[in-house]
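Each of the two complexes below includes subunit A, the first together with subunit B, the second together with subunit C.
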Partner chain A sequence: MNNNLKKINIYAIYLGAIILILPLIAFFINAFSFRWFYPQVIPKELSLQAWVRLKLIPKPGQRTFEGFIELWASNPAVIKALLNSLSIGFLVTIVSIIIALPAARVLGLLNFRFKKLIIFIMVSPTILPPIAFVLGLNINFISWGFSGNYFGVCLVHLVPIMPYVVLTMTGIFANYNPDFEHQARTLGANKTRTFLLITLPAIAPGMVVAALFAFLVSWSQYLLTFLIGAGKVMTLPLLVFSTASSGNPALTAAISIIFIFPAILILFFTSKFVSGESGATSGFGKI
Partner chain B sequence: MGGERLKIILSLTPPLLIIFTLFFGGIFYGFLQSLGYQPAIGKYEINFSAYYNVMFSERYAKLFWTGLGLNLWVSFASTFLAAVFALFGALAIRKTFFAKTICNFIYSLNLPMPHLVVAVGIIFVFSQSGLLARLASQIGLIGSPGDFPVLVKDKYGLGIILAYIWKEAAFFFIILMSVLQSLGENFEELAQSLGANRWQRFRYVILPLVMPNLFSASIIVFAFSFGAYEVPALLGVIYPQMLPVMAFEFFLNPDLNARSEGMALSIIIAIIVMILVVFYFWLTQAKIRKD
Partner chain C sequence: MSKLNIKNLIKSFPSMDRPAVNNVNLDIESGELVAFLGPSGCGKTTILKMITGLFQPDSGDIILDEQSLLKIPTEKRGVVMVFQNYLLFPYMNVNENVGFALKMKGVDKNIIDQKVKEMLELVKLPDIGLRKPKQLSGGQQQRVALARALISNPRILLLDEPLSNLDAHLRDEMRDLIVTIQQKLKVTTIFVTHDQEEAVLLADKIALIFDGELQNFTSPKNYYEKPKNIKAAKFFGGVNFINAKKHNDNLSTNIGTIHYKGENYTDLNEDNIITIRPENIKLSKNNDFNNNSFKGLIKSVIFSGTHTRYKIIVNDLELECSLQSVGLQDIKTDDTIYVHLPSDKIWAMNE
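Up next is the complex of A and B:
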């Protein structure tokens, strides 16, 4: 009897996995078929038409190396949005890590007055919804000249990312022993060498995870980019949203596949770091 | 000692500056505008008429209160259901079996997925001509797409709830897996040797142990689903409308007076989230003290 129960258990897990993967299957069918009419479950013909219409794959007959280069060099909307998303994500991640590093060190290693209050202030953007601050900020950004440009979008992305990078790295420093630094210093290493040879290797694994997820938070940002970018800074989420609203499933699916690719990649490489205990996980609630 | 103090202040200033000027500054300025203070269009007086209009005027009252109801329903239902599904998934998946690693990966797959993509996926699977409707028609359950129940863009917010369950169950799952892993099986084996049955082991051993983490995760999920825009914007209907979508549409309205109402609404959303989170903390703290 117990054995039967175990079997049911396992079948339930398989069923759950199949249900969870259904959207992903639907993405691929939609993206690689053109006329996928109801009630077909499996499309009658496979087609790259969605990708051709997005100017990501050349028309049949021009699918040579030069054909691809020429097409991509014509700067199609998806490539432009992809490059914007990537560069904003990288920039914001690096800036947030540099800003968070000293703060996290102080919060993780030292005890001082108002520390709890400061942590509370730092994490408040993770609880209150973005719509609460971005509508007001939008008006401010217009008068400061940050609205509708790349710089303003990067700046506003720092808000959801900052708390989460500070928190994750505070966790890293809480388990870090600064005595090794003192030893290196007494042995004659200067500040830079100590940081590069002692501190950095010790905090690197945690920092990489923080950086990857900071990137993901920026990568999936829709509302902030839309409002602050004022339609002038196109990123992938904006493209997904507008294509989805206009209702072409094949195009939506194709852009979505490009959009989720880094997410799956990051999960694949970090799955062993991701656990409920690391602060990194709490950032997922914001993506 | 003085040097250390300076170091603390210097290290904490840059991130705090960002949070204060952009985040709290944005909220403060939004609050000012919600009070009708709009120098850009020459309005300097301060009053609460935008709040009154949103909540009680004949034009918007119905939209606001049904929206608030929908918001509460969607957030509670999706947080609760996602937590329950994740709990059963995590408990079941602990045992070794064929293709466990793959299942584990699939169960965490929605974790890094942007909400926007999950919403699109829900349309592809659950709409009346979606994957499930096609499967149902293939096995003869339904004829035309119209026979399939309306699960996406429906007035009960079912599509929105489905999207949040999809996404947040993975979040709960990861947190539960790591708690269960760190606990090991000792507690359960002990309980079993003392004669506890399956239900008793779940109710009196596992549940109390995972509860603190489950509670703090559900605060994050609840607060997020209450104030997020993308999912209800893609999967919702015009009436009833969730509050963040309503606030955003007010804001984009070419009539600049509607802007104050949009700001008022976003401040109301923030206040409700804050009250609920404080209440939640109070509730869990009281419970922990009682235990």
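Up next is the complex of A and C:
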């Protein structure tokens, strides 16, 4: 690649990064400001009022260690939603990977009739508008008793998550040589140890990426949670939307920060697995 | 030190219209070095995988030291296979790779370290224990794979195309190493190859397999001198085949009666086929042979260094003869020649 092109590429990356980061900075200032309106370039007054109203920081005068504990122990809506989002996210991530593992192995290693068709049907939830299938699902979920509870929400989150997880893991298995397992078996490793010592290290990078996708898709799910949870299962996206429609920018900014912070944290720790050189994503072309 | 009996082994795959392995019977003695020889896709690797337990046979039995292996899981069979592409575990260094089998047995770590060192010395690769497989050359990887396979004293060692991924000069070296180690450890060894020369150089006995069927199982020498059928003879470079009929303790052909001394005369069918290796045919311009001598015409002469090859037409029959170039009579194309087929060198077979 010639040098100028390289430079342009680097600038493009910088530009992209700025476009992504600038709103975050604005968010951050907003969350700690008091009445920051249009012509002002910087807010006149900094304040923690948004955080107080979210019941994450105690009122002035009660900001001691005990004060924090007491406030958080009162189970404010934000913390409840945060815990819900986190636990649903982790649960569906683990379940989706357990389900996807055998499917991805077959799709990645074997060739059979209708394989393309099966892959197409499998990824169809990503093309279909969620409202289209969730309304139909809702009727069934109500009759099965899954509607309006935690379990139902977890179940419906699996619908948009599975395609990402299965596809990512299929990519890994397309690059995977099962003879390594056979080799370990002839050397005296039983099935469990073969999986732990041979298979798992080989597919771990792909599993991390798949888990990342799964968690983030679940984390940002609004419509499905809203409809199947019937307002009884409160997650962070639901709280963000209802707060945003209340029209207090500082409050919205504060809760948005809580919303995006875990996502950024997870991306930060897993980014090395997502890069182009990683084994996790290099198998995609082979599916 | 283990002997292996394969009985009526059959294995089919849905994607193939003939059985991949069709009724194979083999008795391999303790400490033997046996080659499974045949073109690719003939089922030889399938047999190996059934011995390791990675495939289950449709029917038949595999018996190791009087005990059927079929119900025993792969990891408890004591059968170790070295795959064609070595398959060193990429996340482990050489020491960890070589010590893998002992670690699986739960051997004490100090003893493992000691044994790993011994094995690496045996394959002449000391001092590379801390490297990762990626940092090794193909030949080194092959040796490490061999060390890894041998560390737990396997009852049977299986090698899948052990030399096919190596350069020519490494191949000779590796072949010597395999023979040396095999003789030292006396481990019953089976290796798979499609290279007839490799099988002859390495093996005590060769099992020749075509299309899933065992053709013959005997010493390399017998394949040259006493092949069982045309296919086997052709695979080992046989080119001369003469249709014959039994007649008065001899064989009659359309070039004349051929005297035959082979010990299998009584086993021969009425119609049979005579073969003789090109290097065993003798030529002379004057008819100075007692019997089995036929008049023919030289069709072509091809000089190929140490040997010269002649094609001779005798009564519509084309024979090929290969003579040492040194001290050769002056024979040219279109010369009339007497062809002598020494009666102790010809061999007759049924198919």
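One rule holds for everything that comes next: the second predicted complex is superposed on the first by the 251 of 287 C-alpha atoms of A that agree within 3 Å, B and C clash if a C-alpha of one lies under 4 Å from a C-alpha of the other, contacts with A are read in each partner's own complex, and residues count from 1 in each chain.
Note that in this section a contact is a pair of C-beta atoms (placed from the backbone, for glycine too) under 8 Å apart; a residue touches a chain by one contact, two chains touch by 3 or more.
Computed from a prediction, not measured in an experiment: that's the story for all the values here.
**Q** Between subunit B and subunit C, which makes contact with more of the residues in subunit A?
**A** B
**Q** Touch test for A:L135: subunit B only (first), subunit C only (second), both, or neither?
**A** In the superposed model, A:L135 contacts subunit B only, not subunit C.
**Q** Report for A:I198: first if it touches subunit B alone, second if subunit C alone, otherwise both or neither.
**A** second
**Q** With both complexes superposed on chain A, which partner does A:F65 reach: first (subunit B), second (subunit C), both or neither?
**A** So A:F65 meets neither subunit B nor subunit C here.
**Q** Using the touch definition from the top, say if A:I264 reaches subunit B (first), subunit C (second), both or neither.
**A** The first partner, subunit B, only.
**Q** Let me test your reading of the model: by the given contact rule, A:L155 touches which partner, first (subunit B), second (subunit C), both or neither?
**A** first
**Q** Overlap of the subunit B and subunit C footprints on subunit A, residue-wise?
**A** Touching subunit B in the first complex and subunit C in the second, no residue of subunit A appears in both lists.
**Q** Touching residues of subunit B toward subunit A in the complex: what are they?
**A** Going through subunit B, the ones touching subunit A are 4-5, 7-8, 10-12, 14-16, 18-20, 22-33, 40, 85, 89, 92-93, 95, 97-99, 102-103, 105-125, 129-135, 137-138, 145, 166, 168, 171, 174-179, 181-182, 213, 217, 219-221, 223-224, 226-230, 233-234, 244, 247-248, 251, 262-263, 266-267, 269-270, 273-274, 277.
**Q** Can you list the subunit C residues touching subunit A in their complex?
**A** Within the complex, subunit C contacts subunit A at residues 49, 52-54, 73-77, 79-81, 83, 85, 87, 89-91, 100-101, 104-105, 148-149, 152, 158.
**Q** Flag every residue of subunit A that touches subunit C in the complex, lowest number first.
**A** Where subunit A meets subunit C, its residues are 177, 179-180, 182-190, 193, 197-198, 201-202.
**Q** Which subunit A residues qualify as touching subunit B in the complex?
**A** 6, 9-10, 12-14, 16-17, 20-27, 29-30, 38-41, 99-100, 102-103, 105-107, 110, 112, 118, 121-122, 124-137, 139-140, 155-156, 158-159, 162-163, 166, 213, 216, 219-220, 222-223, 237, 240-241, 244-245, 249, 252-253, 256, 259-260, 263-264, 266-268, 271, 274-277, 281-282, 284-287
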